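Each of the two complexes below includes subunit A, the first together with subunit B, the second together with subunit C.
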Partner chain A sequence: MSSELEGFEMMKQGAEGRLFRGAYLGKPTVVKERFKKMYRHPDLDEHLTKDRIKAEARAIVRSKAAGVRTPCLYHVDFNQRRLYMEDIVGSVTVKKFIKDSLIGCSDEEAMVKIKPVAYEIGSIIGRLHAHHIIHGDLTTSNILYSLSESSKIVLTLIDFGLSHIDNSAEDKGVDLYVLERALLSTHSNADKMFPIILQAYKKANSQESKTILAKFEEVRARGRKRTMVG
Partner chain B sequence: MGEVTNIVTEKLDPTSGLYVSMALFRNVKNSKVIKDKVVSGALQCSIIKPSLIAHPFQVVVAANKAAASQVFGSMVTKSIYTELLFNLSISKNISQSLMKFGINESDQDILVATIHAEDASNMSEIMVQVEGQVVPLTDLQNICDFNLLRKSYKISEDELKVTSLLDSIVSRIATSDFVSH
Partner chain C sequence: MVIAIGFEGSANKLGIGIVKEGVVLSNPRRTYITPPGEGFLPRETAQHHRQNALIVLQEALEEAKIKAEDVDVVCYTKGPGMGAPLVSTSVVALTVAQLWNKPVIGVNHCIGHIEMGRLITGADNPTVLYVSGGNTQVIAYARKRYRIFGETIDIAVGNCLDRFARVLKLSNDPSPGYNIEQMAKKGNKLLKMPYAVKGMDVSFSGILSFMEERAQGLLDSGEYTPEDLCFSLQETIFAMLVETTERAMAHCESSEVLIVGGVGCNLRLQEMMGIMCSERNAKLFATDERFCIDNGAMIAHAGSEMFKHGWKTPWNETTCTQRYRTDEVEVIWRDD
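Coming up: the complex of A and B.
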């Protein structure tokens, strides 16, 4: 059973599902709906989809407890494979923010704008990892940038569809590696951004940062070898 | 939210075709009578302890979850009104949750919520039975007990640096059947 989302507008159609934007319970809302996978047995599909939605919702709630801003959750509908969440109104993805920051200014000017964002990214990932939340898909499209009423930078982490709770240095290292790769493909000055991210990361997750950064270097070396061979 | 003479109404998930209406009463003299009528089913509504409600939206989200559970046949309590009360709680213990979010016989502040089809609220029928004073729902902010709420929903100080109390509560209500704290 699945009803049309009355009055909603489609934002994005991806490989895993569709996103809609509209009003729900009187609030600006984003709905993330997962596709049925016809090649899977219906019972298995229902089970796997339910698990993914649970993992995503759980990570969103746990991240808040870790002091990382995520959208407010309004409703979880397993029957229609939907997550109803707060629309972060007035936000852009960090990817778009970085690209827009580059328009019409020098690299130095761009860096001045981007630096505080880089520091904030490192802080939130550090807090996340200190609470053993692995994001699983840390790209610049999955971090939203907005400004508070007092013009402070606010970052909201989204898209926890691949997340899990685990105290694994390897998984945390991979999260950082994915972020570094994502930055490199977004912005030519990413090599200047990443040390700032790591600096903030170390501060926010001081207990584990040594082990995790060693893992990160390892994952990165493996990745480099793979690109050289492949 | 729609508002007529201190009654706030909000549309729930369109799949359910239902609405929730709320009214807040103070200085109530006959809480025991009202509670008995609700328990016996003579009055169709949830009566909620307002000290545990930060904002009407908290009730809207719990009512919405109850309405959706009714549509899909997954309610865990006996009526949509006990389901609403149970949904307000992050505990899985039904009787404790109903006790915690329901009212005591001696309580003088009560929040009434009804779930109904469009333009078919039974709130006026309930209002004539409550011997008390109807006040705007915005008065909730004076009645609610911030520290009790924080404790009941297990919300840390770190969390309140990045989210409002209401958003934290609502996100927990939406996920309480599969996220533990």
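Coming up: the complex of A and C.
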């Protein structure tokens, strides 16, 4: 049975779970609860949920070690299916940041604001991949934007439920492809952002970027070629 | 009052439908059914469509109680689909258009499904799960396009089901998927198999080969019944579809889901999607086999939307194409 999260308030319902905001050991905390999904078979639900909590907890720690900012992990409660992590106070999703940047601005003006963020996205994914961490669900909803005290752009990567460790170019190529598609379907200026992301990616993951980008092109071509019958 | 006639033959169904301002006047259809263990091939399917086209056309006109001169526009499926069946059907549409001296519109099959689903259910701006024998896509509308957020990275869900039905030698009448659905109702033991969700994308080929390799052994040992295997397959692949749909909904902040395409008439899939929706205060829209399964009215309806917004396919572009992505079409008839 899931117990009440005392002092926490529901923040939003994400793709996989519900998010609550409150304090844990005196620190601003976000709790992500992967509640029982009644639509799927209980065994399947149990098994997927365990896997995802494990994957997320591991990748949060690993990514931090790779120099990618993630929320600090405070506590894992498998019974309640909950992850307790640092609340990135004052953050918005990169999706919201991009949408807001476009309001009342020309595309060119907006791009001035968005460009450094795009560059930073490429850098963090490059670092992630250099350490063989595959995120698995790269979208602009899963990157948080905030400003440091000195007004520098800080991006925090979240939502690692589908992540895994793999050193193959294929998985890294697919990771980039997932991001490109998410950008293209969500943002009108994606075509301008993605080249900047790739440029930064190459710099941050210089060793492997050639092979990975070749793989990425291949995955992309496969997508376009897919026959669709009926 | 625009009256449109639509010709659909991209796969193994031949359908001709007549629609007047969103009202379906007639929508007859014939399905090419192959023996158990066999899939449908382009040549034979095209032949089936040719053999039935004139009978179905006559039925459509009679049932709608209209005459050829009442028709304002002739619509046909341009793609995606199987080459030979597409062409065999479009030839009939183009001939009719010439005889009757009417304008022609080539329609994207997927857009036909989406617009028909919106018309029948009244869904306004839903996240769309499009699931059929040849397609698996999670789609949402933005900026004049139906954008693909997720899709299969290999085979379509319907193809996976059909091919598994062949392993079990299930009947293809009325459809392999329908027979799997009936069997699954009697199964209850869940077999663990690969679960392949990548972001908003899914993959079914690994699951299919897993099942193809193991099915016989699992049945022979008596560990699982054919019903259990149907149950397990459905529970797993439908969970993947519901999960990716939910991911797209969260990303797009959407609170409506519309299921279209042949696999969409599966009641277990509808039930699972309905539960997911109720868990996030969203609303599910689905249709029954009349409109989920390929039909002519959906092509007529989508075509008449295009026609009313000034579109006509120039005669030298009235071709067919096997590959035709949903997001290639500019949605001129929506202003949101």
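We take it that the second predicted complex is superposed on the first by the 210 of 230 C-alpha atoms of A that agree within 3 Å, B and C clash if a C-alpha of one lies under 4 Å from a C-alpha of the other, contacts with A are read in each partner's own complex, and residues count from 1 in each chain.
To be clear about the criterion, a contact is a pair of C-beta atoms (placed from the backbone, for glycine too) under 8 Å apart; a residue touches a chain by one contact, two chains touch by 3 or more.
On a predicted model such as this, the values are computed, not experimentally measured, just so you know.
Undergrad: With both complexes superposed on chain A, which partner does A:Ser148 reach: first (subunit B), second (subunit C), both or neither?
TA: A:Ser148 contacts neither subunit B nor subunit C.
Undergrad: Which of the two, subunit B or subunit C, is in touch with more residues of subunit A?
TA: It is C that touches the greater number of subunit A residues.
Undergrad: State whether A:Lys54 touches subunit B only (first), subunit C only (second), both chains, or neither.
TA: It touches subunit B, and subunit C stays clear.
Undergrad: A:Lys37 contacts which: subunit B (first), subunit C (second), both, neither?
TA: Second partner only.
Undergrad: Is A:Ala66 in contact with subunit B, with subunit C, with both, or with neither (first, second, both, neither)?
TA: first
Undergrad: Looking at A:Ser3, would you say it contacts subunit B, subunit C, both, or neither? Reply first, second, both or neither.
TA: first
Undergrad: Could you pull out which subunit B residues touch subunit A in their complex?
TA: So the residues of subunit B in touch with subunit A come to 1, 10-15, 57, 60-61, 64-65, 68, 72, 155-156, 158-159, 161-163, 167-168, 170-172, 174-175, 178-179, 181.
Undergrad: Of all residues in subunit C, which touch subunit A in the complex?
TA: The touching residues are 10-12, 80-82, 109-110, 132-135, 140, 142-143, 147-149, 151-153, 156, 158, 190, 192, 195, 197-201, 235-236, 239, 242, 246-247, 249-252, 262, 271-276, 279-280, 294, 322-325, 327.
Undergrad: For a test of understanding, state which residues of subunit A touch subunit C in their complex under the given definition.
TA: 13-16, 35, 37-41, 43-44, 47-48, 95, 136-139, 141, 162, 174, 178, 181-182, 184-186, 188, 222-223, 225-230
Undergrad: List the residues on subunit A that touch subunit B in their complex, please.
TA: Interface residues on the subunit A side: 1, 3, 6, 24-27, 54, 57-58, 60-62, 64-69, 72-77, 79-80, 84, 86.
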